[in-house]
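Below, each structure is written out as structure tokens.
Two complexes come next, and they have one chain in common, chain A, joined by chain B in the first and chain C in the second.
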Partner chain A sequence: MTTIALQQVLHEQRSALLTAWITQVAALGDQHSVHEHALDALLRSLFDDILGILERQPTANPSLEHEESLALALRQLVGEQARHGSSASTCVNVVLTLKHLMSAQVVTATDVTLEDMLWLEQVFEQLTLLTVTAFLAIRERQITQQSLSLLELSTPVLRLWHRILLLPLVGVIDTVRARQITESLLEAIARYEARVTILDLTGVPVLDTSVAQHLMKTIDAARLLGTRVVMTGISPEGAQTLTKLGIRFADVISRATLRAGIAEALLLVGQQISPLEGKR
Partner chain B sequence: MKIPILRLERILLVSIQVDLTDNDAMQFQSDLVEQVAEIEALGVAIDITALDVVDSYMARVINDTASMVRLLGAEAVICGVQPFVALTLVEMGRDLLGADCAFNLGQGLEILRGRIATRGDTRFSENEDV
Partner chain C sequence: MSESAAVAHIPLYQAADVVTARRAARELCEQLGFGKADQTRLATAVSELTRNVIQYANHGECVIENRSTTTQRCIWVLVQDHGAGIANLEQALTDGYSTSGGLGAGLPGTRRLVDQFHIETTPQGTCITIALVKPL
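After this line comes the complex of A and B, so read on.
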């Protein structure tokens, strides 16, 4: 039995290893890191699971995918770390710290064989893989949630005045957003019976073919509902790009600033802003 | 060769007097649009009285410039198309000069002022605190 030596070493040094690990992990994380007691309990349970695996018979290819309790503990740990803004390398370092501690112990023991070291190595390789996967999964979920909430926030249709709508566009316009913008705009036009829609592009950093095409679709759809479209806030670079791409916005009024656009929209609906009598 | 851009209150005047190379044309376009955006120009008059020949490239440059200017919220007018130039442009294709044209600079400015007067942003300007 090759593992007996390894088991013995790990067993004897169990508490020493655990204490050292917890201390080192605490040093790894910064002050803002995970709540100490929670971290402590997590590390303990993780430690037990890892030890349990290490004490088994070595197999050629240790697969940790079916270790439910280990995976759960690891996911919790990585989740905590990720929530507190740690990087992927910090998470991996937590696992690697334990590996280094164990290797240091095992190497000094007399009757540990090369197979034991190989086994240790393999198990920790898998653990590292698992950690990275868990971290990525968590990040992925965070990104999805954030982009969803951004989508919700980023396309408000504002009712500027009676029968005038304002659609301030901010950020990059992709296909998904463009569709959402068009939908919410058309809905608002129908609801408020808008005669004029102001499309403010001040916050759109890049105007390229795809953005222009999306805009054109939005404008065409709005015009089909019988509303005039006023575009405002196109940058000089944007104007040059659009023209060089051969894009013509026919029958669309374009104004330099939102202020000029609002004035134009007011004219189109026959309103004006004037000072109060005697208050000037 | 740099084309000077003259400013008449919030109207910009440019006069093209020689055939432009590719680089000149790009330089001219970017200079003009920067200026339009900077002063929030209300109108731009492009004068080509001095051009005896306008090829399709020049026609496109002028046309593109007019489109850019309109995207930036200013009115654009092309002045001084010579009879012979008009003839060749029509021979080459009707839509080569899509922007509005005026016989000379004076009439061009008149057209610009008329358009600017009917715009919403200038109508209310006496009520604003600028």
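After this line comes the complex of A and C, so read on.
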């Protein structure tokens, strides 16, 4: 009963709609956007899928989640857009542009019913939802990847001198990072037969009981491997807070600055930094 | 000085929210002209309490409010959850007591860190309010 008029309009205007869409989408993006041919092909395949759905008998609640080919094309398109730094609104605009083009055509046709318009509306609502979901999923994955690479980067164990290791801690220390820190430190201690390890806390924003406990465990494990631990970089406020919390780092050598810590570490292995003139 | 009470509501659902909450606390502290030691004190206290929420109750919320008056600077923090509550409050406030293998310094330490500390716990949830107060 209903969709025949809609189908007819869409069918007649098919190539005009597609051309107009491709032109307008190209205008949406800047010169950095997706490579033209690749984009064209994606838009074409998406266009076919969307028309395929629109030509169906209207249902009360069109669900597009099981449209494999459509979802794939849409995900690809959004993925390309996201890779080139487009915003979520640009991605949604790609879909909405087609909707505007179609509505403009459908409205001018004589025998199009309200049901037709409603159907068009519903399908594009679902398409928009799908676009946003796809965009968010891609962002989510990017964030996870970034935090993973950050995790890898953020626990370097540096060999400061023969048998002296330096572990500069920066940022939030949660259970995952604490475990990683301990692992990489213990490995380095064993490899370099380190006698002293300097643990620099200058870059740790908050020293609370949870962080303190992680540190204590790391220190205890390091000790078992025969290294002395020198803690450095606890701020005056940090020291005050730690004592108020009732946390004691008993038998750990602690120095206010990294400089003092390095001097102490060198002393522990029987070395010192001295001016060149003295040796001449 | 600032009449408008700045309020921050932070929902607590995951470990990252602990960082958000303590950063908000530190920032408000700084805005109100508290010193660095006080900022660290409050940030640490908020960190302890919100971490407890995540660890023991799964989720809850944190409210940070400027309650300064004409005579004093005051920053007030509420941390609450709908977990199972603390079975033995007296023990939980004792140094070295922990049900989870922790240091057992979180609650008693926080109480020492802040100027005002109030705790209410029932099997339906726990509500803790703390405050830093400085006369102007």
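In this text, the second predicted complex is superposed on the first by the 272 of 280 C-alpha atoms of A that agree within 3 Å, B and C clash if a C-alpha of one lies under 4 Å from a C-alpha of the other, contacts with A are read in each partner's own complex, and residues count from 1 in each chain.
The criterion applied here is as follows: a residue touches a chain if its C-beta (ideal position, glycine included) is under 8 Å from a C-beta of that chain, and two chains touch if they have at least 3 such contacts.
From a predicted model like this one, the values you see are computed outputs, not experimental measurements.
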Clash-or-fit label for the pair chain B, chain C on chain A: fit
First, second, both or neither for A:Thr209, with chain B first and chain C second: second
Touching partner for A:Lys244 - first (chain B), second (chain C), both, neither: both
Partner chain in contact with A:Asp174 - chain B first, chain C second, else both or neither: second
Degrees between the directions from chain A toward chain B and toward chain C, using C-alpha centres, nearest 10: 40
Touching partner for A:Pro236 - first (chain B), second (chain C), both, neither: both
Partner chain(s) touched by A:Ala263 [first = chain B, second = chain C, both, neither]: first
Chain B versus chain C as contact partner of A:Arg255, first or second or both or neither: first
Touching partner for A:Ser87 - first (chain B), second (chain C), both, neither: neither
Nearest-approach distance, in Å, of chain C Cα atoms to those of chain B in the combined model: 5
Overlap of chain C and chain B interfaces on chain A (superposed complexes): 235-236, 238, 240, 244
Partner chain A, residues of chain C touching it in the complex: 15, 19, 22, 36-37, 39-41, 43-44, 47-48, 51, 95, 102-103, 105-106, 108-110, 112-113
Sites on chain A touched by chain B in the complex: 231-232, 234-236, 238-240, 242-244, 248-249, 254-257, 259-261, 263-268, 272-275
Parts of chain B lying in touch with chain A, wherever the complex brings them together: 29-30, 33-34, 36-37, 40, 64, 67-74, 119-121, 123-124, 127
Contact footprint of chain C on chain A as seen in their complex: 172, 174, 205-210, 212-213, 216, 235-238, 240-241, 244-247
